[in-house]
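Take a look at this one; I'll ask things after.
Every chain is named by a letter (A, B, C and D) in the order it is written, and numbering of its residues begins at 1.
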């Protein structure tokens, strides 16, 4: 527990000390807060159609004081959709990042530590998964599993664990012959203990790089799938807002409908990127000067 | 300085600084010396004393955070520090070439060695590629490499071979000055000897001047006419090589001499100088050698010593006038042990 | 500072995850379940609870109309106390699970109003006869009403149109009361063409400018006599034996002539036939038109006609077979005359069989059949497609252009010199093409936003016609509560048709009450019960039938509940 | 000889990967809910015809038998007939394949240029405003969803300024004599600009950032100092030595990026209505046209694998230190 606290503490030191990382953390935190309080911030139900005093639907209204980011073709409040969309982005981003890295790190640890046949089999598997075109495959997986946020996360996780596992593995390979590991082995520590007590903490910064990167890529993937029409139809994710805008032929008319989701996705993905850069400098100190 | 017609390189009061995140490092401070035509000048000092910075400053090859803060460098009558890039570029290699410190990484790994020599030639001479290539072959012959190896890539060369290739390259344009920056440090002992021998033989047939940077005083003895002893970014002593080695006037020179086997062959214990070079970010007050000097006086900790003329050059020591006595003292191991004790006490 | 930040952060993180998971997954509310225990004494038991309704909607991507309308319907039903779950499915999934396997509770599809459906056999018989209520059959709702079945059979087999019309009227009345699967709305088809370049465009029932009659009537006003026709997607295949999509069929019927064509009012008229007559209930005799030629110059003979019908059945062409189910055999009477013998009397055979089967040139298909075999002939590209229709195939560059030119030797040669069909792949491309004059006709039902976009282009003419196809909400009568006519009626009454039209269609639609569209004047029965737009009436129906609501307004079955399947049971 | 052996080994590995991919796909597609027939019920396929069609598609046989048939015919180069188009899937895809390839190659070439030269420039101007602004800009483009960037470009350049077409591959109604004619006409190039630009901006970012840091590493190397001491002109040092050496890690990254870009072409092709393979995959999956989707997938997988192979070989070629074994 102490260890975990310590490492979490370190995590914040890393992020707050590095300029890029700090900016990333700020953006992320802002979105996080928005996501948490989304239902309090959003002035309207994102799926509710809005009507004016005469009972006519408010179609494609430009931003105004009552609709900060205007309305959609179906008279829905873009601002509220954006706010609620942040929640979906966060859930997709955080959950898939944690899953991806959890799986990737463990597989990398096992492959790197045990070596031999285990390693060979796992790495061939990774090679094969690397040969799979990501987006089309995710698309098919979602088609198989059915549209829905859980399935999108599952599809992302099933494919992207490959990235972290390969890097973690090579890190483990260099670590496992270090003297402190040898020493631990001589004292009779079990494999499990060596792996998780001695090696794992050393690959943690590298794992964090992938947490941040996976978060970014998961958010991007969700948006892309939604845009291709394979998103969760019942949720107003940012990707889906863009799709609605695109498919309702309003993209040239309603900038207030098209710009915000794109900007939000860009910022959130950027924050993941920046945080990953900060972690990368810890994982690979050679980079620090740049 | 005009009075010396044969003066090739003259450095006056040179300061070189590095800007780093913690402040400004004065890596070279107030350095002056000169190099005559046909002369070999030895530049000695411990690692980190500013030798490499100094010679990089001569060709203005300092890294982007380094700059010449003060002083002049005259090459013949031209002021190098005031030259623009194009003028500098013409001087580089054509008139002043270099044998770099680590031959291991000094060759571009993606080009053939021969092509890299040809590149040097073609950069400065309007000759055909073929002519340049035959010159390269000639040079390889000269440094004792098979000419067929011109077509090899650097990674196919051993360390010694790379160093030879660089020597060949340095000679390619018959420059007036060759700067050899510790040409042997990265090599194993046997190869070191070979390379040094090679350099010596080459020098016999070469009428230009040379600056030999080394921390190995024995190398100086074999090859150099003059010597510059540097410590902590400053020149401690400058003078005729034989004289300085025989009768050093600066306690640091004495210490250096102790640290290497005698050149005259007499048997004695090797004594090293205790302590480490000063932090140049915050250089000590007074003489930079004061902390490690067994003869340091109160004065040495406050006042920077003036340059004082010696037979063939100058020395920067407050106790220069006592040099003869100090030399005798410096030969004893206890003398140096004293500072170790002193340092411990502090 | 850092630690505090960290603590806040981890708190936020955990909070968010819990919060969002709760928000994202539709977990049951435990509080409500407790409440239900309280009212148990009043016999609001789990057993008498009306099962939750799973309403399948398409994703917004596939069809925003069905998506939005679905949500509105669900909302309205919830007000009646039903528990409604809206699940969005991909069309492929919905069609196989719903349309084919009939595993749905309720879902909506849009039935196309093709010309062959002007004879309401499809609407009245296929969609509602009990024989179709099996897997893969059209009777998606599982409507099995013996009284109705009898009417439907008479409607199908009687060759007298007036008798058929009477039956059709009665059937529409029954359906409107029983509401196994209520029609919701008809779109107002709005299509545009360049009126400065072309005139005499015809918007025909069900198909708009896609109509065959448009292509043979539209007349150029300028020198450029080739009409450029912009559409959203490219053709898929031109083999008439294997074609499945409407777009292909629209083009194929310009190339291939059937014996009969359906005119703009839905009446079959002789086309490649000189004349036809019903010899008796099971025999139709057709006299072939004189002097017809295929595009390669060979004459169209009775042998070609006989070959077409025999061959299509021999190689088991899915498309042709579905039209020729009732055909027993084809007999050549003489060089001009041919007889179609049916297995049983089947009135729509003329309009839905003879009218849809294009005559294939025997000399070409026989040869190809020999080379390729039954399986090979079905995957044959059939290029160039040679028929005897008013247009002949010129070239087809997939995803770029498809060109037909007029066949001047045809007895009803078109007024234009040719059709250039340009697939744009996306609707805004078509709209922009129309606006810039790049195309003359848009094969696209224009949406309000698009009409607005085009309204300043004075060279465009907009034609409008109500669609005879409609959006239909398919209940599943195999499942409770849809097996109860009162529930179906109430649910149907609760559908806010007018609001859907206003909000989802921007006013460009009309409500549908009868299974046969109002625009189909001959067959449409005006006097059916009009269900919809009345949630109070819906509540009343349920109340009368004994349905109960608990404190929270959730609906329960009546005490001593007996299912009433049909309106006549009431 | 050794290098031949290596390449051969890599190709074998590639084939194995593809085989497994094909197998996974085959079974995945068969467990997808929905079948290719029921979608046409509305347009007039009654239940008998549905069964007939399923039989004609071979979907009535047991799964394993279908698989064996599929693999067997694939080995003969027969990928089966597309359900939607009725003709061989490979023919249908072939038409789209070239369109995708042209777009891909163009944008990858542009992105490589932007990546390499941009990265070199930023590294060379390290610490200056150009570096800061450039890096931020690149990161922003990298992080923006590519389809959104495409939408932005469309609204600005095509809709507002009317400089470029709204999408598609050529102006409808234009005639081309040959493939060459088609791909080198001014009309085609005009249609190519926006999609290629969007794709290349997106895929340039990663190589650019790698190039930048790789350059920063390289310029610190001793050999650069020696080259400078040789009096070689700065520009030449930059191009001939620094960039040439910094290029090596970029190649590896670029191969990965290329694989990603091929997959990502789905998005570009959707936004710009580019009649390519990526869009066909989406349509084929939606229409449950298994043979077509499988074939397209197979081709995309092959292209990805090929890019990796090419990158490895190229790397070996560019870096004499790599001994292939």
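Assorted remarks:
Everything that follows uses one rule, which is that a residue touches a chain if its C-beta (ideal position, glycine included) is under 8 Å from a C-beta of that chain, and two chains touch if they have at least 3 such contacts.
Bear in mind the structure is a predicted one, so any value in this text is a computation, not a measurement.
More C-beta pairs touch across one of C-D and B-D than the other; that pair is C-D.
In this assembly, the C-alpha centroid of chain B lies 55 Å from the C-alpha centroid of chain D.
Separation between the centroids of chain C and chain D, computed from CA atoms only, is 38 Å. Annotation: 23 Å between the Cα-based centres of chain A and chain D.
Multi-chain contact residues of chain C (touching two or more other chains) are listed as 90, 92-93, 428. Shared contact sites, meaning residues of chain D that touch two or more other chains, fall at 32-33, 286. The residues of chain A that reach two or more other chains are 143, 146, 229, listed in rising order. Chain pairs that touch, as defined above: A-C, A-D, B-D, C-D.
Of all residues in chain D, those touching chain C in their complex are 32-35, 37-53, 56, 81, 84-88, 92, 95-96, 166-173, 273, 275, 279, 286-288.
The touching residues of chain D, when paired with chain A in their complex, are 13-14, 16-18, 20-21, 25, 28-29, 31-33, 139-140, 142-149, 151-152, 154-155, 159-160, 213, 216, 259-260, 262-264, 266-267, 270-271, 278, 281-282, 285-286, 293, 296-297, 300-301, 304-305, 308.
Contact residues of chain B toward chain D in the complex are 56, 59, 61, 63-64, 85, 88-94, 97-98, 100-102, 104-110, 119-120, 123-124, 153, 155, 166, 169.
By the touch criterion given at the top, residues 127-128, 130-137, 139-141, 143-144, 146, 216, 220, 223-224, 227-229, 239, 242, 246, 251-252, 255, 258, 261-262, 265-267, 269-270, 273-274, 287, 290 of chain A touch chain D in their complex.
Residues 126, 220-223, 225-234, 241, 244-245, 318-321 of chain D are the ones that touch chain B when the two sit in their complex.
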